[in-house]
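Letters are used for the chains, namely A, B, C, D, E, F, G and H, taken in the order the chains are written, and counting of residues starts over at 1 for each.
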Amino acid sequence: MRQKIERLLKEYKEGTIGVDEFINELKWFPFEEIDFAKVDHHRVLKHEFPEVILCQWKTPEQVAQIAGKILERSNLLLATRAGLEHFKAIKEIAKDAVYNEIARTITVVREEIKKDDKKGKILIITAGTADLPVAEEARVTAEILGNEVELLCDVGVAGLHRLFLNLDKLKDASVVIVVAGMEGALPSVVGGLVGVPVIAVPTSVGYGANFGGIAPLLTMLNTCAPGVVVVNIDNGFGAAFAATLMNRKF
Amino acid sequence: MRQKIERLLKEYKEGTIGVDEFINELKWFPFEEIDFAKVDHHRVLKHEFPEVILCQWKTPEQVAQIAGKILERSNLLLATRAGLEHFKAIKEIAKDAVYNEIARTITVVREEIKKDDKKGKILIITAGTADLPVAEEARVTAEILGNEVELLCDVGVAGLHRLFLNLDKLKDASVVIVVAGMEGALPSVVGGLVGVPVIAVPTSVGYGANFGGIAPLLTMLNTCAPGVVVVNIDNGFGAAFAATLMNRKF
Amino acid sequence: MRQKIERLLKEYKEGTIGVDEFINELKWFPFEEIDFAKVDHHRVLKHEFPEVILCQWKTPEQVAQIAGKILERSNLLLATRAGLEHFKAIKEIAKDAVYNEIARTITVVREEIKKDDKKGKILIITAGTADLPVAEEARVTAEILGNEVELLCDVGVAGLHRLFLNLDKLKDASVVIVVAGMEGALPSVVGGLVGVPVIAVPTSVGYGANFGGIAPLLTMLNTCAPGVVVVNIDNGFGAAFAATLMNRKF
Amino acid sequence: MRQKIERLLKEYKEGTIGVDEFINELKWFPFEEIDFAKVDHHRVLKHEFPEVILCQWKTPEQVAQIAGKILERSNLLLATRAGLEHFKAIKEIAKDAVYNEIARTITVVREEIKKDDKKGKILIITAGTADLPVAEEARVTAEILGNEVELLCDVGVAGLHRLFLNLDKLKDASVVIVVAGMEGALPSVVGGLVGVPVIAVPTSVGYGANFGGIAPLLTMLNTCAPGVVVVNIDNGFGAAFAATLMNRKF
Amino acid sequence: MRQKIERLLKEYKEGTIGVDEFINELKWFPFEEIDFAKVDHHRVLKHEFPEVILCQWKTPEQVAQIAGKILERSNLLLATRAGLEHFKAIKEIAKDAVYNEIARTITVVREEIKKDDKKGKILIITAGTADLPVAEEARVTAEILGNEVELLCDVGVAGLHRLFLNLDKLKDASVVIVVAGMEGALPSVVGGLVGVPVIAVPTSVGYGANFGGIAPLLTMLNTCAPGVVVVNIDNGFGAAFAATLMNRKF
Amino acid sequence: MRQKIERLLKEYKEGTIGVDEFINELKWFPFEEIDFAKVDHHRVLKHEFPEVILCQWKTPEQVAQIAGKILERSNLLLATRAGLEHFKAIKEIAKDAVYNEIARTITVVREEIKKDDKKGKILIITAGTADLPVAEEARVTAEILGNEVELLCDVGVAGLHRLFLNLDKLKDASVVIVVAGMEGALPSVVGGLVGVPVIAVPTSVGYGANFGGIAPLLTMLNTCAPGVVVVNIDNGFGAAFAATLMNRKF
Amino acid sequence: MRQKIERLLKEYKEGTIGVDEFINELKWFPFEEIDFAKVDHHRVLKHEFPEVILCQWKTPEQVAQIAGKILERSNLLLATRAGLEHFKAIKEIAKDAVYNEIARTITVVREEIKKDDKKGKILIITAGTADLPVAEEARVTAEILGNEVELLCDVGVAGLHRLFLNLDKLKDASVVIVVAGMEGALPSVVGGLVGVPVIAVPTSVGYGANFGGIAPLLTMLNTCAPGVVVVNIDNGFGAAFAATLMNRKF
Amino acid sequence: MRQKIERLLKEYKEGTIGVDEFINELKWFPFEEIDFAKVDHHRVLKHEFPEVILCQWKTPEQVAQIAGKILERSNLLLATRAGLEHFKAIKEIAKDAVYNEIARTITVVREEIKKDDKKGKILIITAGTADLPVAEEARVTAEILGNEVELLCDVGVAGLHRLFLNLDKLKDASVVIVVAGMEGALPSVVGGLVGVPVIAVPTSVGYGANFGGIAPLLTMLNTCAPGVVVVNIDNGFGAAFAATLMNRKF
C-alpha cells in the first residue's frame, strides 16, 4: 500500500496525475488492501495469538495444512473439536503437538506462554462428569491464551455443600465460567455469590427434556443473578475467549 | 339400581325370567348405573370435598348455577381462576362467599375444616412477587382441603441467604411446593435440602426467554435433585391437590 | 471443626485472641466445614442409602472407581443407565453385582433391604412393551429403596379393559407410577380412578409426532385429573425416588 | 363454451378453418372454461350446498355482499367465525338469518334440509365447557349439511363414568367427533370403544402447557386407537364437513 | 361370569344370601369380567381381524410368540414395522409368512380375504419414491383388511399433470389416502378434486426444513380443502385402518 | 473528502508533510467518509429511489421528520406499516400524501414513475381475503419502484380452477409473488406452471396450526418446485423489492 | 390428441356425431392428454434441460434406471445427493459420468453447455469449510444449467476484510448465492453491498444452537437487507436453479 | 450475632457451658444470621448500590413502599420496567424522581455518582428505532452504576457504512453492548472489529419470523466472532450490569 501511495504522490507531484485521478485511484484501495490489523491495534490478544482451527467438518489433511501455515509464523497452535485422525495428521508436521482426548484439543506450545500481571484467575466450574469435555475445552483454551485457570468439578445445585466448601476459590476468581447441562441453575447460584462476570455455558448433555442443550440454555438466559452472560451450547472455546477479554485483576 | 336388581331377582324367583334373561338384563347395567363413588371408596379426600369449579371460560351465570348445586349438598365451595364478575354472581346466591383477588379464588366455608392429625404442614415457597398469584391459588386450595399451610415469599436462587434464613421452615414441612417463573432452579436447590416430596410449579411470568413458562418448566423437569416432581405451568391448584395426597407426617 | 473451635475457645480463654479475632475466624467456617448431614437430619432415606451412580457419560473405569468407594462404606449399590461394559468393570470389584439388561441397572445387595411398615405398595403401570425399560428402571430403583413394588404391563387407553381387569391392584397401591410414550393419556385415566399420588413418566419411545417424548410430556402436564405429577422424559429413577418419598400407608 | 365449439365446428365444416386452426383454438379452452362441476359429478354434497363464508378477516360489508350472491341462487347459507357485526350486516339483506352466539355461526335455512336415509347419526363429544364453541360450530355445520347430530357435553378422561353412562349413544353413532383442549386423550378412549371413524378436534383452550392447542393436537396424533383421524386446532367446521363425507349407516 | 351369577342366583333363591349380599357381590364384577367384545358388538371389522403386531421395539422372540398365539385362533396375521430379523423368527413358526421389504410388513393369509360388496376402492397416492414405504404399509394393511386398493405413485404438486392424467382413478375411489413428505400440499389439491374423505399421511422424509415430518404435518392440518383429515407422521397403518372404517360405496 | 485530500496533497507538495504523515492521515478516511454510493454504482434502483420508512415502532413525529427530510431531496416517498396516525403526521407536511388503508402504506408521488422497457410485469397472487394486506403492500411497493403490476386474488389450491382460468396472466409475468397464509402450497403449484422466479410470502393469517405463519413458511421452504424462493412472514415489501431486482423481460 | 380430434371432426362432418357428443368427448381430454409442455412454452430452461435425479432415498438401481432413460433423449444429466453407490450404478451405463465427492453430484455432459449471452455471472459465497458441500452442489448445478459461476470461500461476518477484498467480484455478479450455517448474517451484509438478487441458503452445519439449520434460516428470513430471498436448508440445488431463472445481465 | 457470640464466650469462660453446648448453639447460626455482605466483600459494586426494583408485575403501591425503604438508606434509586403509574406513586414519596419514558426507568440521584478511574467507556450500539427502549434501559442502568456511556443508534448490518463511520467510537470502548431485534448479526460484525467484550442483547421487536426475539437470540448465540456473549431477550438492565462488571480500562 505504501508503495502505491508513494507512487501516486510522486506522479501527482510530477503533474502526471491530477487530484481527480489521485482520488479515483484511492477510491477502492482501503477495501482492497487495508491493513485490518490496524483496526485491531489495541487487540493485544489477537496480536499475540494466531488463528484457532475448528477441526470439525475439516479433513485431517485440511487441518494439517492450516496448522503448517500457522506454525511457520507462530510458536503457538490451538485446534479444537479435534478427533484422533486430526491429531495424527498434525503430529506428522509437528512432533511436539499434544492431544487432549477429553477436551478434544490439539496444542503446540513452543515458547513460554506470557502471563499478564494485570490478569487474575479464571475459575471454571462444572456440574457433572458429562460436562467435563466442554469444561476442558475451556480450560485448554484459557491457558494457551495466557490465563491462570482453576477447574472445579462436580458442583451441583442439588448438593450446594460442594459449592460452599469452595467459596474461597469463588472469591479469588476474576471471571467464572460455569459449564452445565443438567444443572442449568448453577450459574444463577454462582452469580449470586460472586461480584465478577459469570459466563454460563449450556451443554447438550442430559437426557429427557434437555433437548440438546435448550433446557439449560433457557435456564441460564432467564437467570435473575445479574452479571451472568451466556454463550452457545457446548461452546467452551467461546467462553474461554470471552473470559480472557474480561480477565482483569481488581 | 337396587330397585332394578330387586325386581330382576323377584322375577327370577317367580320364574318369569331365566338365567339368560337375567344376565342379558345385567349386561349393560354396570356401565349405566355403576356407583362410581364406590370405585373411589378409599379416596377419603374426594369424599369430603365436592367438585371444584374452574371459572375460566365459564360465564358468571354458569358458575353461579354450578355453585348453587354444590352448596345444596356441601358446606364447602372452591372456585378457581375466578374474575370479579364470577364472584358477584356467586355472591348473589351465597352472601358468605369470599373472594381472594390475588389468588383469583372464591371460597365458601360453612363448617370448620377438619384437620387430619396424620397430616403435616405444606410449605409453599415463591421466588418473586410476580409468582404470588399462583402461590396464593395453591395456598387457598391447600387450606380448604384441610392442610396446614405456610407461605414463604421472595426466595431466590441468586440470593440464597433468604432461603437459608428459613431452613427451619424447610425442616418442618411434609411437602414443599415451589412456585417460580424466573427462578426455575429454585426447586432443585430446595430438593437438595429437604427429604420430602417437592412439587415444582413453573409460572408463565417472566420476560425474554421465559416463553410462557417453558423455560422454568424445562429447568424443573431437568432437575438433578431427586424427589422433585412437576405440574403444569401456573397450576397452583393442581400442586395443592397433589400435595394434599402426599401430606403425611413422618 | 470441633478441634478448631476447641482451639479457638482455648486461645480466647487464654487471652491470646479477643472477640473480634474469634468472630473473624468463625466467619467462614460454617461454609467450609458445616456438617451438611445435619441439615438433612430427618432425611431417613438418604441416611440409609448411598449415592446412586449415573453411568451414562462415565467410562467403565470411572464407574468402577466410584462403585468401589461406595461399597467400602455401604452394603447397597445402585447404578443406572449402565451398559454391559460398565457392568463388567464393576463385576471385577464386586462379584455379586447383578445386571438387569432391560432396566440397564447394576445392583449390589449385601444385606436384607429393610422394609418400613408404614410404607404401602408402589404400583408401576406401563402402556407398552417399548416403555418397559423405563418401567424396569423404576422398579429396580423402588425395590432397592425399600418399597414393595408391583408391575402391571401393557395397559392402554385404547383398550381400557386391561386396566379395569386390574382395578384391585389400583385400589391397593399407595403411589402409582405410570410410564407411557404413546399412551400419554394413561395417567389421566389412572388419576381419575385412584385417590393416591400418580407420578407420570413420559418416554421418548414412539414414532411420528412423539418428538422424543414431548407429546406424552405435554399430555401428562395438561391432565385434568388432580393428583397427577410429572417427572422428566424417561426418568424412571426419578419417579421411583419421588414415589419412595410419597409412599405411606393410609 | 358450447357456442365457441359450435362456431368452430361450423367454420371447420365450412372449410374456413382447418384441423390445425381448430386445435390451436381449442388448446387453452379447457383451462379457460372447463366446467369444473363435472370433475365433481359425484360430489353430491357440494352439489347441494353452496360455498361457506369464513367471516374472520372479512369486513361485515364483504360478508354481506358474498351472502347476498349466495342467497340469490340458494336456499341455504352458512357463515362461520362470525361476529355480531357480521350478523347485523347479513340481517339487513336476510331478515331470517339466525345467529348462534356460541358457535359464532350465521345460518339461513329457507327450505327443509334434506335428510339422506343412508346417513346415520354423527355424535359430537366435548370434554369441557370451554370446548363448547368449537363443538357447536361442528354441530351447526353438520346439521345444515343434512346430518342427524347428537351433542354430548362434559365427558372427561379423568372421570370416565360420564362416558360409560352414555355408551348407548356411542353405539348408535356412524361417526364420532371428539372436541377437546385439555382432555386430549378423550379420542383415544372413544376410539377404543367404537368401531366407526373418530374425528379428533384439538382446541386452543387450556392453560399452562396447552400451547394454543399443540398439546392436545400431539396427543391426538399419537393415539394408539386405530380409526382416529385429526383435523386442525379449533376446526369444528372441518370436522363436521369430513364427518358428513364419512356418514353412512352400517 | 355365567357360573358366578348362576351360583349367586341359586344362593339367593335358597335364601343363603339376601339382596344386599347379591348386589355387593356384583359390584365389581362388570369391571373384572365384562365381556368387552360385547361393547364392540357392531365392530364388524375387529371381529373379523385379530390384533396387529407392532414389531418396533419388540424382540424377534416376542414377536414370534405373539404371532404364534394369534395364528392359533386366526387365519390372518399382520405385523408392521418389521425388520428382517422379525420375519425370520415368524418364518420358523409360519412357513407361509410373507415379508414385504418396502412396507416392512409380515403377513400370513390362510383363507381368502372376504370382500364386502358395500365397500368401494381405496386409492393411495404417493408424492415421491421416498414416501413409498409408508404408502406400501398402508396398501398391505388395507388389502388384508378386505379392501380393494389402488396405488398411484410419484404424483406431485409441482407437476400437476401426473395427477390430472389420473383423474378417473380419483373419481372411482371411495376414500383417498395421500402420503407425502415433501409435497405436503398434495392432500389439499386432491381434496379440492374429489368428494370423498381424504386421509393425509405426512412422512418424515425430506431434507432441510422438513423437520421429521412437522412441515408436511402442519401443511396438511392447515388445508383449506374440506374433507381432509390427518393421521400421525409415517402412520401408514393408521391411515389404512381409518380408511377401512370409512370405505363405503356411494 | 475531496477537500481533505486536496489539502493533504498541497501540504505534501509544499513539504509540510511527508509520505508517512500522508498515509497516517489517510488511514481511517475510507471508513470515515467513503462514498458508499460508489460501492453501489450499478444499483440503479437505489439511485432512483430514496430510503423507505418502516413506520411500525416509530412515533408519528419521528415518521414525519424523516419524511420531511426525504421529500427535500426526492419526489417519491414510501412508508410501510403505517397507521392512520402516521398518515396524519405526514399529511401535515405533504398535502399530496396518499394512504392505502389495506396495504397500510403512505405514498407521495411528485413525478411520473419511470418505467424501464427492459422490465416485464410482476404478477401478485393471493390466496384469500385475509392475505390481501400483505399482497397490497407488495403491490404498492412494486408500483412505486417502477414495475408494472397485476394482482390476482382468491386463488386457492383447494380450488385450482381459479388458477387455471388465469393461466394467461401466469404466462405473461416476469416474476410471480405468491402471498398465502392458509394455502401454503400455492407457490408450489404456481412454481410448477411458470418458468420465472416465484417469490413466496407466508402470512401470519390463519387459525389453528398456522402458528403465526410458521406453517405456510415451512410449506414454502419445502417446496419441490424449483424456482421458488421465500421471504419473511408478512414481508410484502421485501417480496416486491426482491421482485424488482429480478424483473427483466425475456 | 390430434388424431382423436381429427377423427371427431371427421365423424362430426359425416354426421355420425352431433355437437353434444363432440363436446362430451372433449370434456376430459385436456386433463387426459394435454400437452403440458405447451403450458411451459416460454420455460426455455426446462426445455433445454431434462429432469434432475434426487438420489437420496432411491436405490442405486432406481437411480441408474432413471438415468438410463434420461440419457436416451438427452446429452446432459444431473443427479444430486448421490452416494458413491449411486455413482457406481450410473457408471455402468454411462462410462463418462463424473462424480463430485464434495457436492455429491453425478454429471454427464455429452455436448457443450450452451451459454446465453444475456446471462451474467452467478457468484456463490460460502462462509466456512463446512458449508462447502452445499455451495458445491449449487456450483455444479448452476454450471450444468448454463451459467458462468464463481465460488468465493471462507468469507465471514466476523472477519469482514475477506469480503471487502473481493468487492470487485460482488460488483460483477448478476445474482449472488450465499451459503452459510454459522454465519447466518452474511447474506444481510452482502445484500447491503450489492444491487442484485441475493439467494440465502442456510446450512445444517454448526454446533450448539444451530438446531439443524433453524438458526441461520431465521437470521436470513429476518434480514433487513432488501433483495435477499431464502431457500430451504442445505438446498444448494434449489438456490442454483432459482439463480438461473434470475440470471440476466444488466 | 456479635452479641450472641460474646455471650456464649462469656458463658464458656465462666464455665456455664461446655464445648459441646457451645458448638450446638453455633450449629445453625451461620445460616440464621450470617452476614451475607461479607460473602460479597469484594463486590464493590453491590456495596455501593442498593437493590434495583423490577416494577413489572408489582403494583404502584408495592413499588413505592420498596422505594421508600431503599431511599431511607441510600442516595440512589433505580426502578426498571416502570409504567407511568409506578412513577406517580414514587413521585409522591420522592419529588426528585425522574422518569425516562423510553427506557421505562425511574431514577433518584441524590449524590454525585462516583466514577472509577479504572473504568473505561461502555458503548451501546442499537440497530433500529424499535430497539431504542432496551438500549435506553441499558444506558440509564450503566450510568447510574457509575459508567461513562455512549449511545450509537441506527447502525445496521445491511448498511455497514454507519458502523464504519463510527469506528473511532468502537476503538474507544472498554465494553460494547449491541442491542438488536431485526439485525441479529450486528454483534458478530462488531465482535469482528473490536478486541473487548461484546454483550449482545436480542430484542423481541421485529415482524414475521422474529418470534418474540428467538431469531436474533439464535443468531447471536451462533456468532463466530469470539468475545461475544449473550443476555436474555430485551434484558437491557442485565447487559448494563454485566458490562459494569467487565468495564476496566486497558
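Here, a contact is a pair of C-beta atoms (placed from the backbone, for glycine too) under 8 Å apart; a residue touches a chain by one contact, two chains touch by 3 or more.
Chain labels with UniProt names: A, B, C, D, E, F, G, H = PurE domain-containing protein.
Source: prediction; values computed, not measured.
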Count the smallest number of chain-to-chain hops linking chain A with chain E, moving only between touching chains.
2
Counting only C-alpha atoms to place each centre, which chain is farthest from chain H?
E
Which of the two pairs, E-G or G-H, is linked by more C-beta contacts?
G-H
Examine where the copies chain B and chain C touch and state whether the two sides share over half of their residue numbers (same) or under half (different).
same
Chain E and chain H, separation of their C-alpha mean positions in angstrom:
59
Indicate the whole-number Å distance between the mean C-alpha point of chain A and the mean C-alpha point of chain F.
40
Please tell me the distance, in whole Å, between the geometric centres of chain B and chain F computed from their C-alpha atoms.
55
Pull out every residue in chain D that's touching 2 or more other chains.
31, 34, 128, 159, 167, 193, 208-209, 211, 214, 217, 221-223, 226, 232-233
I'd like to see which chains touch which, written out pair by pair.
A-B, A-C, A-F, A-G, A-H, B-C, B-D, B-E, B-H, C-D, C-E, C-H, D-E, D-F, D-G, E-F, E-G, F-G, F-H, G-H
Using the touch rule from the top, collect the residues of chain E that touch chain G in their complex.
128-130, 159, 161, 164-165, 167-168, 205, 207-209, 211
Can you check the complex and tell me which residues of chain A touch chain G?
28, 31-32, 34, 36, 56-58, 62, 81, 204, 212-214, 217, 232-235
Contacts from chain G onto chain D in the complex sit at residues 1-2, 5-6, 9, 12-13, 19, 22-23, 26-27, 29-31, 34, 38
Residue ranges of chain B in contact with chain A within the complex
127-128, 156-160, 182-186, 188-189, 191-193, 206, 208-211, 214-216, 218-219, 221-226
The chain G residues in contact with chain F across the complex are 39-46, 167, 171, 193-197, 199, 217, 221-223, 226-233, 237-238, 241-242, 245-246, 248, 250
